[in-house]
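Following this line, the structures themselves.
One chain, chain A, appears in both complexes that follow, with chain B as partner in the first and chain C in the second.
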Partner chain A sequence: MRRSPLLLSLLTAAVPLAVAQSGSLTVPKMVTAGSAFSIQTSGSGQATLYIMGTDDVLKRDVQLGQPVSIAADTVNHAGHYLVVLTGGGTDTEQFDVQPANRPATVAFLARPSRLSTGLHNGITGAVYVFDPYGNLITNPTSVYFQLSGTGGPEQSRTVQTHDGAAWTQMDSSTKEGAAKFTARAGDVSSTRVIQQVPGDPCGLRMTAKRDNKGIQLQTDPLKDCSGNPVPDGTVVTFTESYYGLQTTVDVPLKRGVAQAEVPAHPGATISAATGVVMGNEIHWGGNE
Partner chain B sequence: MKSGGLIAILLGILTVVLVVIGTIWPGQTAVALAGGATLTHSSTTPEGAVQNLATAIGRRDWGQAYSSLANKGEFSQEDFLRDLTGSYESLRTYATLDGYDVRPLHQSDSDANVQLRLHWSTVVGVFNDSRDLHVVRNGGRWQVDWPLVKEQRVPPQVIPVNYLRWDVIYRGASDDWGAQDVEAPHVRIVDMHPVDRAEGVVIMGELLNEDVVPAYVSVRATLLGKDGSTIASEGSFDKISHILLPKQVTPFFIQFHNVMLSQVSSVRMDPLSELVPASADPVIEIQNQKMNPAPGATLTGQVVDQSGEIVNVAHVLGTFYDKTGQLVWVGDTYVDRALQPSIPENFSIPIPEDLARKVSTERAVVATYRVGGPQ
Partner chain C sequence: MRTPVLMLCLLLGAVAGFGDEQPAVDEQPAVRVEPLDLSGPRPLADQTQQAVIRDYLEAWHSLDGALGQNRPDLLNTDFTGSAKDNLTSTIHQQTALGVRARYQDLSHDVRVVFYSPEGLSVQLVDNVEYNVQLIAQEKVLTTQRVHERYVVVLTPSEVRWRVRVFQGEPE
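Presenting the complex of A and B:
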């Protein structure tokens, strides 16, 4: 039997009309993640309801004409959802799930984890605020940043999130040590440790003394320009030049000072350096 | 057939012929060093006696080598072995004899002087051990008086050390994704100088660890052409001191074979640094550094271990500057013997003769390795 295309088109157009008579949906346009809500159906008889999102699919057998209750903690992921009602026909609706406005987690990125003392805006903190279901809270949320704990003045500021993120910059303290960098949103907080370390040595001075084996060289305790002691392990290079020859030794600081022993050569010139910082020079006369 | 194809066929045939000849009639030294035959030279001449000795050393037949010596009563076979391979693990311990040269210096009826140069092959290249041998006639044979170099030994003692060390706890898999890992050490290239050499372009420079933690460092250079394309990319490999303590400076040297500086428009430098556990010991002093002018220009000196631990391999890197302080050359050498506390070991860094004339000052640093890992 051969049907005309015109007849087929008319039948196709009539199906949604028949469905609308047998069952239809009324859904809220916006739902908060994890909250309870209901979907109103109309018509009579049995049908199947599907709720489909990017991460979830729910299927319910429903009695048309009765509301369908969706319990709390059922639809948790923020995003766009599609609702489909099937049973004799098909009806489709859409709704959005927005993040809960209740911060549960702050993902806190603090950079760097180690920096020199006395740097303006040297520390950066960025926060992403999430609700209990792991959704990024896109509504503006207050985030409180605080840098403390090295003996210097405490720094703090409050920043509103924009599209779920907030960031700030802080100065490193003039005093070395481990600082606590905390970000708080609502009742939740996250803390990172920022190691503030001394800068380049500020002035390097050594003394030389004769001993049984040669010349005993020792630096004064090394400090940076803010008065912080330079950490042990920092290398000091001693160089002794004599009669066209040279002796060098790289010595790490131990207990704040560097010590080395070089052969005693009358007339020798001895110098010290650490990194790109030069120290004093000593012309060795023979004894001291 | 084209002439190029004909030449290729001829070269192929010639290669096969040479391989066959080398297999059927191999060189005597190669056979002996490979352990394929007993001593191949006659001891009826001083050179033959020295060659026999060198062959036995190359085959690590210490008993045969020792028993062939004229002065074996003056020292034990263990002393002889320690002279050649070192008392402690070092480059010598794992070296194999790659070849040797024998050069007669003087000869009479009863004795002779012969120079023996042993070419030892190691993982970091070849080092030469030159000995001037006195050879004496005993009846109809010639025998070598071995000039034993007795390694100094540190007497048993306790050496107190203020041990300073950094350990690192890295980010774990269970950490919050926002938790930052320990910051990589901040390093900076403080000097960089490209040079055109006959072998190709050389990039030299110096790298500073400006942080307060130790760093494992290496440097990569990429040569870019005039159209911005990459010509070549190379790393510093072992021409650098890989472990840098805070505020320590290392030279680096990167070689690009078959590239001319005129082809290069710019150079991209990529210093790499990683935070690693490290120790501040041992402290190595470099004594009596001396620039020896051309011909055979070298920087010589002695390295002395000022700490209490044995250093198995010491790598000496020299940085050479002209009168204006401009970097001229970076050279290096390995010390073939282990460093014992307070006992100096010699080193010699060769310098290209055309550059040696420009050198006004130098700076040397030592990278140390212990068996079981660097530092």
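Presenting the complex of A and C:
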């Protein structure tokens, strides 16, 4: 006796599920996005057919016993769908729509847009590959990455997507300039411009010369370790130390060199630096 | 023996309740988060992972509310880009056809699979179990239990992660 309410409860609860599982519909289990397909119905008379997913919903008046044709470009979004036939009773089937394996869009995220030359794995790119209907193509797809255009050696590699995503890393070129970073899947590609700028100066050397007002200081043209000129505006700091005192002059590079004039103090020590790079020291003896 | 029967009864009762379109069940879905198995060079901090999954699960709640009430405004918090566009379009179609849809997520088995190197997208896959219901003229036409694998891409916005790609495929 104690189990009767439980059994009744089970039966009552199961009824809606049982109604939904009858089978007068024949539906393909898998359909490719955007393709035409048909649904077979059985029985006779008029009914209403719904195709329902999160991204597409259709409603058709149908003649039972006749196939229902769904034209191409009607159900375009990948995902799970219900097919519900109502008219007297209700019959339900389910099917999935898979992405078309035809890349149409490559969403390309490249970073950074500007970086120093000569950096190992300094450039990263990630892509998501979509079909003509905006579905993420989850089947493995080859993506060709290429970095070119600065006169340095071209870099390229091919990567397979996992669940629609792929990524790569590239070295920045040894030569400054704008590089093209391209990702290609099938016949579609996307390109980003990566500006490669000289890195830190590789060395700093200055010379000193006496003139009427004091000591004229001038650096050699500043270059990074790959030989690229360091951009104008980079600041060079000249420091003159004498009798426990210190004079500092900050000068931006102009045409690749920095120039400054400091007072001539016999016995002074003059140094130059830019960023983390220290230059040579000059001990000023008097006239040179 | 009584406990499994009671649990089954409760489960079926819950399904039947959903079938009668009772108010949304307040029970939280069972959520299992798989260990990280990231493709990509960028590590994912625990806090970021938790935020991504929290926001993703909330998106299911928004999905149910929006498609169940035909209110596209309920998508604004949790969806963006093509996912939001597609769902909004569906709501307009549903409204025109006089139908609504309910999505009640029952369980999630979530795994974060990709954190893009620049930090602007996170991809996860989720084996979901959910009930879906089609309602026409306030009558429940069908209730179905679905097992589906979802591939989801989220992107960061001002204060949360939003679903940008939301796509199901067979498990």
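The rule we apply is simple: the second predicted complex is superposed on the first by the 261 of 288 C-alpha atoms of A that agree within 3 Å, B and C clash if a C-alpha of one lies under 4 Å from a C-alpha of the other, contacts with A are read in each partner's own complex, and residues count from 1 in each chain.
Just so we're on the same page, contacts are C-beta pairs under 8 Å (C-beta built on N, C-alpha and C of every residue); 3 or more make two chains touch, one makes a residue touch a chain.
Being a predicted model, the structure only gives us computed values, none of them experimental.
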{"item": "Touching partner for A:Arg111 - first (chain B), second (chain C), both, neither", "value": "both"}
{"item": "First (chain B), second (chain C), both or neither touched by A:Gly244", "value": "first"}
{"item": "First, second, both or neither for A:Gly275, with chain B first and chain C second", "value": "first"}
{"item": "Touching partner for A:Ala260 - first (chain B), second (chain C), both, neither", "value": "first"}
{"item": "First (chain B), second (chain C), both or neither touched by A:Asp61", "value": "neither"}
{"item": "First (chain B), second (chain C), both or neither touched by A:Asp232", "value": "first"}
{"item": "Chain C-contacting residues of chain A that also contact chain B", "value": "109-111, 128"}
{"item": "Residue ranges of chain A touching chain B (in the complex, touch as defined)", "value": "107-115, 128, 190, 192, 197-198, 200-201, 230-236, 239, 244-252, 254-255, 260-263, 274-277"}
{"item": "Touching residues (chain side chain C, partner chain A) in the complex", "value": "5-6, 8-9, 12-13, 15-16, 19-20, 39-41, 63, 67, 82, 86-87, 89-90, 93-94, 97, 99, 101, 103, 113-114, 116-118, 120-121, 123, 125, 132, 134, 136, 140-146, 148, 151, 153, 165-170"}
{"item": "Residue ranges of chain B touching chain A (in the complex, touch as defined)", "value": "162, 164, 166, 176-183, 190, 208, 210-214, 245-249, 280, 283-291, 301, 306, 362-366"}
{"item": "Residue numbers on chain A that touch chain C, as the complex places them", "value": "6, 9-10, 12-17, 19-20, 30, 50, 52-59, 77-80, 82, 84, 86, 90, 92, 94, 96, 98-99, 109-111, 121, 124-126, 128, 134-136, 138, 162-165, 167, 169"}
